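In the two assemblies presented below, chain A is common to both, partnered first by chain B and then by chain C.
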Partner chain A sequence: MSRIQTAFLDLGLMDTLSGKDTPVHRLDPRAKLLTTLIFIITVVSFGKYEISAIIPFFIFPAVMMSLGELPFYYLFRKILIVIPFAFMIGIFNPLIDREILMRIGLFSISGGWISFCSIMVKFILTAGSVLVLIACTGFNSVCMALEKMGAPRIFAVQLLFLYRYIFVLIVEASRMANARALRSFDGKGKGMKVFGYLLGHLLLRTIDRAQRIYLAMLCRGFDGEIRVNRHLEAGMREVIFTVAWSAFFIAMRVYNIPLIAGSFITELIL
Partner chain B sequence: MHMADALISPAVGGTMWAASAGLIAYCSKKVRDDVDDIKIPLMGVVGAFIFASQMINFTIPGTGSSGHLGGGMILAILLGPYAAFLTMASVLTVQALFFADGGLLALGCNIFNLGFFPCFIAYPFIYKKIAGEQPTQQRIMAGALAASILGLQMGAFGVVLETLFSGISELHFRTFVLLMQPIHLAIGIIEGLVTAAVVTFVWKARPEILEMAATAKPVRHLSLRNVIAGLLVFAAITGGALSWFASANPDGLEWAMFHVSGKEELESPEKGLHSMLGAIQEKTAFLPDYSFKNPEEKEGHAKTGEGEPAANSGEDGKWPTVSAGTSVSGLVGGALVLVLAAFIGFALKKRS
Partner chain C sequence: MSHHIVEVKNLKYTYPDGTCALKDISFRITHGESVAVVGENGAGKSTLLLHLNGYLMSGNGIIRIGDYPLTKETVKEIRRTVGMVFQDPDDQLFMPTVYDDVAFGPLNLSLPPEEVDSRVENALFTVGALHLKSRPPYRLSGGEKRSVSIATVLAMSPDILVMDEPTSNLDPRARRKLIELLKTFKHTKIIATHDLDMVMDLCERTIVIHKGQVMSDGPTAEIFMNQELLAESHLEKPLRMQGCPVCGNK
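Moving on to the complex of A and B:
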């Protein structure tokens, strides 16, 4: 299947996932957005040689995934697709930072490898938590939450428009790409020139479409002000959810639970 | 090109978020004040176009860098800088949320790198200058090419600075710059050519579309002030991030050695019995210093009155890093309490 169709199905699947009805899905999107943000900030605030203390943070996406009935492998694959950039930057750490920080038996591990692993763990956590957020909230709700939390309305509406028309335009782009593929032999026709024309045509159609949408909006009484007719309700559940998770994150940030548990166990053994 | 959450520190992420959020608010106001209602649906749909166009195959092999069309330049040429910045921000938000391409915390960095530079620097100062009042095909081509390349170069440089200030990567400034700039020069040339091809196509087919963006009056009038404000913000960020970086970085290694050597025992408690006793000693001695003892330390400071700087300089060696570490978590905690308080207040207000 061509890349473009995969991407489309991908968006569609994320959208389907967000339509489920589980306790996590029913939470107010603001609570989930705020909690995810706090989660990311605490994870990222760890020192660059930290690995063990970050591990307990996997509890959050794990709990969300299980309560929200989200497919683990699917989300994990999505993370792997975007890992290259962090990997490319991180991989220099082992090359530059060669100071030996740790020995296990005969193996000695340099600081660079430790910080590289730390980057990768952080990447999986932060990217994973964002995907979980969307998969159990839905894009429209996240936009609402953004708007309610103070983002300019025009920006929120912008996001809604964008999201709505991605589905339409991707189908259109995919048809064009198919048509080009059927007509180009031996790599001919896939060059820059045709690509430019193709995109140019798509763009013109897009602009005409925007014009039609605008006229349709005018017909329905659009006066420059966009009214969003949906209200969110945050109750005790949301407060508890956010406070409890945040307290957990802070506790994990301040106390290195694995280290404490580890030293407790080792002392017991001795 | 998209910054990831894992590569930035909260301080850098937070400041860039603030800068981008400020720009979004500013641009939203500008677009609202423009009576041009049609831009509202146009922005959304053209944003979706950028998205769709990024999916048609145009990848650069062998770089590892995601070489998709940034799109910032096309947007700026079609919509004018304010609307383009908002559209770019929304494109990046969707990418961050749906494809985890660039994280939530790094979103501020990405919006700034891929939105601010093309829309507020490359467009008014390069594209407009070259394309001029009466554009010809050659001028549009040259302008789009130059602006795309330079916009991307600035964005790549932004990535370098943000990564360095975050202190997560070991890459030295020189190496990193030498790595990033040439790669993005290649990407920029390709992107510039595509941008030029699409823009000239539109110009030939429907010149009025380009004129519409070019003649939006407030653009030229205010862009300079805007850019200066943006640069000031950037300077403040740079300064803030630098000082934070400088305070956190010295002898971080020493601190980490303790930490890591302690961790080793935990991950494999049975291994290395001979070194275990010593390690546990270190661990139990070090860890309380790091977190538990902190309140006492603060009390001590309080008792000695204004002994803060003196105590800091007295406890040199590993102390500065340790206190930097705790101060970060303190900052996070403080911000958190603030956010929580606001949240609770908000919820209570709703109920009453």
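Moving on to the complex of A and C:
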């Protein structure tokens, strides 16, 4: 199976996960979206040398994953795919910031390495929480929630279309890739030049399809605005969910819990 | 209700790149008729269909749908009257779920939410796809996609149904079910297709188009008996009218 098709099935699994029926899935998407936003803001607001205080934040994705019955390895693999981006952002810190901040036995650790680790932890947390949000809410519902919460409509609609047609695009791309693979021998026909043609062709097909979709929309009275008949209902559960988690995040932001716990235990021992 | 008449008079159309797609097309389809538009690839069938809902407008020729001539002012009303089902359901189903997609048209007609709801349910029920309501369109099979595409159009309660290759890419059973479904519709139907066996089941009248012109317009049975006409228009007799390869009967 080609890698493109694997990507297709992988994306499909995300969709299947969001169709589960657990207490987390049943929550109003807006509550989950807002909580995740607050989570991300509190995580990224930590200083650049902070690591220990951020660690307790792993509780949130962990709880959501277990309540939502989401597979850990699957989501973890998804994070691994994008982790090079964060790596490239952080990797120059150890070269630039060489001031020694910490010594463990014979090892001395520079500020650069600490800030690098901090970036990685923050990245895993934020990317992970967004993946968990999508896996337990569904991409479409997240877009709807965005729109209901006042994000520009055009933005939400663009995201919806992106998600709808990424599947069609993947199928089209994998057909072309297959057609090429079947007629390429000994590495001939696999070069960049042919790849360029494929990509160009895919773009042209996409433009054609966009035109046909627009036509289909016009035929059903499209006038520039996309209307959706959907009611979201938020009750007490949602309020408690959002307020409790947010309070927890803010408490963790203000108090360094591992530090407090550590000094408490040290005090007990001494 | 007004009469669901489709009238095309001396329609000509040349694409901006100079391809002359329609040379001179005239016909009149009356209330409740079921008409097939057949012809070879590139004969102008799709171009003709695109004129019927005002996507393409040419200065040459007149199109009347019901009581209105097709103009920029009437195009909105005409698009409600003429329901168009496209060849590729992926073009037609662009919303995140089947429900949203079927509701798209009625919502654009500014109907109240309860009315939209009942129209969606009815349309999906009619095509036997009510159980697919909350599914995303890309997860459906070819036959299911086709049924939902038809529901999206039915939800707007059109008077005239225009379909481009409705049976393409369907397995034989899905095709049969679709034909049975279309038989139950009382709408005026215009179907562009290469599936001449379906035409025998559904359409009492056939218009043959060849190189942008009407070659023949008449009762389906007569047209399909005319071997010369079919050959000239790159068509063949429907399989059912051909000899049986097993028993050798001609």
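As a convention for this text, the second predicted complex is superposed on the first by the 265 of 270 C-alpha atoms of A that agree within 3 Å, B and C clash if a C-alpha of one lies under 4 Å from a C-alpha of the other, contacts with A are read in each partner's own complex, and residues count from 1 in each chain.
Please note the rule applied: a contact is a pair of C-beta atoms (placed from the backbone, for glycine too) under 8 Å apart; a residue touches a chain by one contact, two chains touch by 3 or more.
What you are looking at is a predicted structure, and each value in this text was computed from that prediction instead of being measured.
Once the two complexes are overlaid on the shared chain, A:Met192 sits against chain B while remaining clear of chain C.
In the superposition on chain A, A:Tyr163 contacts both chain B and chain C. When both complexes are overlaid on chain A, the residue A:Cys219 reaches chain C alone and has no touch with chain B. By the touch criterion stated above, A:Ile59 is placed in contact with neither chain B nor chain C. Of the two partner chains placed around the shared chain by superposition, chain C is the only one that A:Arg227 touches, whereas chain B remains out of contact.
Shared-chain residue A:Ile240: touches no atom of chain B or chain C.
Look at A:Ala251: by the touch rule set out above, it reaches neither chain B nor chain C. Of the two partner chains placed by superposition, only chain B is touched by A:Ala177; chain C is not.
Ranked by how many residues of chain A each touches, chain B and chain C are led by B. When the two complexes are superposed on chain A, the residues of chain A that touch both chain B and chain C are 160-161, 163-165, 168, 209, 213, 217, 222, 226. Those residues of chain A that touch chain C in the complex are listed here as 12, 15, 140, 143, 160-161, 163-165, 167-168, 209, 212-213, 215-223, 226-230. For chain C in complex with chain A, the touching residues are 50, 53, 55, 76, 79-80, 82-84, 86, 88, 90-92, 94-97, 99-100, 103-105, 107-109, 113, 116-117, 136-139, 152-153, 156.
Every residue of chain B that touches chain A in the complex is listed here, in rising order: 1-10, 13-14, 21, 24-25, 28-29, 31-32, 35, 37-38, 40-49, 51-53, 55-58, 64-66, 74, 78, 86-87, 89-91, 93-94, 96-101, 103-105, 163, 167-172, 175, 193-194, 197-198, 201-202, 205-206, 209, 252-253, 255-257, 259-269, 271-272, 276-277, 280, 283-284, 287, 291, 325, 328-329, 332-333, 335-336, 339-340, 343-344, 346-347, 350.
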